[in-house]
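Shared between the two complexes below is subunit A, which pairs with subunit B and subunit C, respectively.
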Partner chain A sequence: MQYSELIPDDVEALQAIAGNSHVKVGDAIHDDYMRDELALDLYRPDAVVEPKTTEEVAAIMSYCSNRGIAVTTRGSGTGLCGGSVPLYGGIVLSTARMNRILDIDEKNLMAVVEPGVLLMEFQQAVEERGLFYPPDPGEKTATLGGNVSTNAGGMRAVRYGVTRDYVLGLEAVLADGTVMETGGKVVKNSSGYSLGHLLIGAEGTLAVITKITLKLLPKPERQVSLLVPFPSLEEGIRAVPEILAAKEVPTAIEFMQKEILDAAETYLGKAFPDSSAPSYLLLTFYGRNMVELEQVYDRVAHVCLDAGAVDVFIANTADRQESIWETRGAFLEALKAMSDLEEVDVVVPPTEVASFIAYTEELAAEYDVRILSFGHAGDGNLHVYILQDQLSKEEWQRRAEQIMEAVYRRARKLRGQVSGEHGIGYAKRPYLRASLGETQMQLMRGIKDTFDRKGILNPGKVWSSF
Partner chain B sequence: MQYSELIPDDVEALQAIAGNSHVKVGDAIHDDYMRDELALDLYRPDAVVEPKTTEEVAAIMSYCSNRGIAVTTRGSGTGLCGGSVPLYGGIVLSTARMNRILDIDEKNLMAVVEPGVLLMEFQQAVEERGLFYPPDPGEKTATLGGNVSTNAGGMRAVRYGVTRDYVLGLEAVLADGTVMETGGKVVKNSSGYSLGHLLIGAEGTLAVITKITLKLLPKPERQVSLLVPFPSLEEGIRAVPEILAAKEVPTAIEFMQKEILDAAETYLGKAFPDSSAPSYLLLTFYGRNMVELEQVYDRVAHVCLDAGAVDVFIANTADRQESIWETRGAFLEALKAMSDLEEVDVVVPPTEVASFIAYTEELAAEYDVRILSFGHAGDGNLHVYILQDQLSKEEWQRRAEQIMEAVYRRARKLRGQVSGEHGIGYAKRPYLRASLGETQMQLMRGIKDTFDRKGILNPGKVWSSF
Partner chain C sequence: MNIVVCVKQVPESRDVEMDPETGNLKREGAAAVMNPFDLFALEAGLQLKERYGGTVTAITMGPPQAEEVIREAYMMGADDGMILCDREFAGADTLATSFTLAQGIRHLQAVDLIICGLQTTDGDTAQVGPGIAEFLDIPHETSIQKIHGMDEDGLRVEKDMGHVVMDLSLQLPTLISVAKGVNQPRLLSFRRKLQTRDWPARYLERSDLDDHKEAFFGLDGSPTQVEAMFPPQPHTASERWEGSSQELADRLVQLLVEEKFVQSGVDE
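And then the complex of A and B:
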């Protein structure tokens, strides 16, 4: 693929659309626009453009389409697979200024937002009105546009599902500048192929999302967390299908091992309520009142004890819960502070998580590297980190590549998938291809051509092999 | 589009694949295979083929692709828009024999089924194990394959969502006979464009679905229904957003008017608990125990009374609930027993339902026809029926067409959609085109070409203009 490099005329044209101060070039472009949270290599865009309105996005796309300029849409840049990195230069289209919550509609339990609204701002705004937006990805400074584009999941997916389940409608600008609207303020929709569900998780390769209509729920009134120490990671994880089979579905079921807990304590400079056990499950339950919640967690506590738990700590005050979840929220940063990382965001059936973790431990021994895991035990979504530690970059990457191939091969065998919630970006392309096979890759390629014949939207991502 | 008519060699080849007794031709083809539940015109297929396995479906598709034979997949034929009608002859591929529940996985809260399993059989099988499949379309003899292909909704969508929200994985056979698998036993998935969500609601135009992995929930232990009479349909429907805003989301919120209730009583030969009021809301709540449920329905009962309800009848025994819901379930049959019908399955924001119904009443007066409505007030999905009564077929169809255009125009203005849950088939094609516009139709056309270059799968449906 060949894309046009920006010339001064292009910059002027883009400035005429978005305003002089909202088109950055040269040294005014911060390094942040050249990478995301995990990617190490830098890719420089020719310009960063920050439109404010759908009309400006449409004009930008129409211009770039005519000129053959690559366009990579970027929210907060908190991705972990390079999805928002401008591999082929051109412009980075930042949604940072499209950050208005347009409507919180209490009577329809819906909201309409621009893509640059931050997850944490939106959660707060709806909760102030007694409403609730269930998707809860770990990175609260991510934008909702980014969440939709990666179909972000998060902690509460066990019970409430993922971002996709809350998107009712999208406004989007196609590669040629046409504005389209799919879905709307409707809960049900059987009106032709679901173009909306195709844009969700497409990582900006099919269109630029400019408005999002989201479904809301009433805010659950009470919550309780259980911190459950186990004598081994395997015993903890083996308790999870027993919890699900007991017909009590918690809002969240996270697993964690002592090594990462210790790292998070060091990173935050705060002690965790308990860190004497080799492994923990962290469960949260939402409910109407404490009487109801007590019945539920009491039952689940017994399931855990029967499954080998050493103890059950109940966190029923806001403070105690916050301190536990703050530690959980710091895991990735704590790991990054220890070493460079390669990440695997694999998803398998919940019953297979324990054997999967055991397999990563075999691989760690075989390749003599540290592999640490945490994640969402209740929905089978693991975050597996391969640490560089004292290895040379080349040696580490060589081993990591072999480990990742083995890990994804195992996931495939278990009917799992390459990515549970982080997406493919450019970092996971070969594994996606190996997992899905050529037939599906060709279908994706055909869909891409249908939406973006010139291939200017986020080139080199998801299905692409170049 | 030109398709090959079946010749004796083709019939022999199909018999060699599916077995002699599973390929029907000529007079052995029942009229049912030429229409669905609402379509009046008959379209005759050259053959009806009933494969048993994915391998047989793959062989059939490979053969038909080579020969250019049209293939229309059919479940139980309970659709209302002609989706399973073989407009261009060729073969009807019936999924009736692919009717095995392959796996009910209590530890992962998932099930794997073949497409010909009936909704009612599946609901019963999972409930016997203390599990629950939330989607609840009115037509219980529909197949799950049909439910997936139309993204069927039903009564419980207010609280639990639609079929799409419970599909985790699909196995499907492409037009050329290639077998593909998308998703799996995974709750989260961000692994490339969601081909699965594209097949959901595609009404068999993109692939033949051969296996479905579904998400299950624990079965709610208790349920209560409220039957709430109102002095007018409008007052009843205006109460719905108040109920949602009160932060109590019922499992179902149906609205019904006296005229249809009376028809259903006559049709069933049974009396409804109360039919003195002009209009009713029917609400259901699911919960853990009666103490919890009482708090909830008590609060909602007061919201209804404040909104003008005449009374609130509480149905808290299985018998009473069944008798009410049996009547609700007979509405469509009762209407069909009175007159031929044209149906509109429009969906609008819940707050707009009341004004929408008022508009259909204006149209009824203007065009001097009976228009009756019932449906899912909680999710804004209305079923509006235009009755023929004593009009000539031509005159009725002339008026119905104008009314439908007006109705869909109004829906569009309210950010509604052409179909909430019945799909497009061939009956609703012009309205879909008018609603979505040429850009989206062209995108759908491009997707169709990507999946089915020869256009042999269910020709003439959804996006097609021919």
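And then the complex of A and C:
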């Protein structure tokens, strides 16, 4: 693929659209715009453009389309697979200034936002009105545009589903600058191909999302978390189907292991409320009141004890929940503080989680590297981290590559998928191809060509080769 | 070591309505929890018991529903619980509360150590711990940040005064109030819940106490009267700045220096 490099005329034209101070070039471009949290290599864009309105985005796309300039859309840059990294230079289109919550519609239980609104700001704004936006990815400083573009999941997926399940409508600017609206403030929609759903999870390769209509729920009044210690991870994971069979679906079922808990304790300088077991399940239940919730957790606690739990610890107040969830929330940062990481975000059938983790432990022994995991036991989405530790970068990457091959091979065998919630970006492309096969890759290519004939939107990502 | 931990049931949220007539908090209907500071006190007591043996008794003053915090104390590991519960205890200020709790503790035999949370979230006075110690005529230290354990002189603790850290040895019997963060309180154990389901909580009323003159309890025993209670005037202001990153950063630094949050690094 060949793209035009920016010349001074281009910069002037973009400045005329977005304003002088919202087009950055040269040394004014911070390193952050050359990578995301994956942070393997730096790719320098020719310019960073920060539009404020849909019209500005449309004008930018129209201009770049005519000139053949590559456009990579970026939210907060908190992705983990390189999705917002400008592999081919060109411009980074930052949505940071498109950060208004346009409407919180309490009568329709919907909201309309611009893509640069941060998840945490949105969650707070709706909760202040007694409403609730269920998708809850760990990275709260991510933008909603980024969440939609990666179909982000999070802890509450087991009960509430993922970002896709809450997107009712999108406004998007196509590669040639045409503005398109799909869906809207409608709960049902059976009107032709669902183009909006193609844009969700497309990682900015099909269009630039400029407005999002989201579904909301009434905010649950109360919540209780149960921290359940098990003598082994296997016993903990085996308890999950039993818990689900008890017909009390938790909002979250996380699993965690002592080694990561210890790392998070060190990172936060704060003790976890229990340290007696090698493995834990963490369950959360939402309900209308404590009396109702107590009945629910009583039943589930008995199920856990019958399944071999050492005990069941109850966190029934905000403070007690905070003491657990703060630690859970620090896992990734704690791992990063210990070592450089390669990450696998695979999803397998929930019943296969324990055997899958056991397999990663075998690989860790075989390749003599540390592999640590945590994740969503309820929905089968695992986060497996391969640590560099004392290894040289080359040696570590050599081993990590072999381990990742093996891990994805095992996931395929179990009918799992390459990514549960982080996306493909450029880091996971070879594994996607191996997992989906030629037919699906060809269909994706056809869709890409239909949306973006010149291939200027986020080139080199998801399905394409680089 | 026989340890008593004082606990209190408080409204879960700080947004509790006030009765404008009496100036009292309207506690009815609001969700109630154990005072968050008391969780640290209880954890400290349980850890000392695990190291040196003995018992932990949770004591509270309150209406019958305050039994919930005694039940929670059992679920955390307390061996015994006492509720000072009498209509005549109502309306107590910190003096009458300290007196009542001290009488309750006197009722227990051979107490070595009393642990309180630093303060409650619905009173914020931090007076009740010291008050109890005075009525029992034992030494006390407040705001303990670290508990080292027992040595030949007594209980070794650390108190952070901001500009200086005091390393203290307290002879037993004594009373300490512990600061937030002195430990990480354990969660409620479901196994303990099942175990302690049928455990009684000891109820004591005024007539059960040694020194039970009416004038010492409740409203009668309270020299402090609340005259009025009102929400404070909110005084938040915000201003919006626009400009380049450099201009905004300069302006922010200038404001921080002006407001004396930081000192200017430039010698004038």
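The definition used in the following text is that the second predicted complex is superposed on the first by the 466 of 466 C-alpha atoms of A that agree within 3 Å, B and C clash if a C-alpha of one lies under 4 Å from a C-alpha of the other, contacts with A are read in each partner's own complex, and residues count from 1 in each chain.
The rule is simple: a contact is a pair of C-beta atoms (placed from the backbone, for glycine too) under 8 Å apart; a residue touches a chain by one contact, two chains touch by 3 or more.
No experiment lies behind these values; they were computed from the predicted model shown.
For subunit A, the partner that touches more of its residues is B, with subunit B and subunit C as the two candidates. Residue contacts after overlaying the shared chain place A:130 against subunit B, while subunit C stays out of touching range. When the two complexes are overlaid on their common chain A, residue A:375 makes contact with neither subunit B nor subunit C. Once the two complexes are laid over each other on the shared chain, residue contacts for A:82 go to neither subunit B nor subunit C. In the superposition on chain A, A:455 makes contact with neither subunit B nor subunit C.
Shared-chain residue A:301: touches subunit C; no touch with subunit B. When the two complexes are overlaid on their common chain A, residue A:158 makes contact with subunit B while staying clear of subunit C. Residues of subunit A that lie in the contact sets of both subunit B and subunit C are absent, per the superposition on chain A.
Residues 12, 31, 33, 36, 39, 75, 183-191, 193, 244 of subunit C touch subunit A in their complex.
Those residues of subunit A lying in contact with subunit C across their complex are 21, 226-227, 270-274, 290, 301, 305, 311-320, 323-324.
For subunit B in complex with subunit A, the residues that touch the partner chain are 105-110, 130, 150-153, 157-158, 161-162, 164-165, 169, 174, 178, 180, 182-195, 197-198, 200-202, 206, 217-219, 241-242, 244-245, 247-249, 288, 292, 295, 345, 347-351, 376, 379-381, 414-424, 432, 435-437, 439-440, 443-444, 446-447, 449-451, 462-463.
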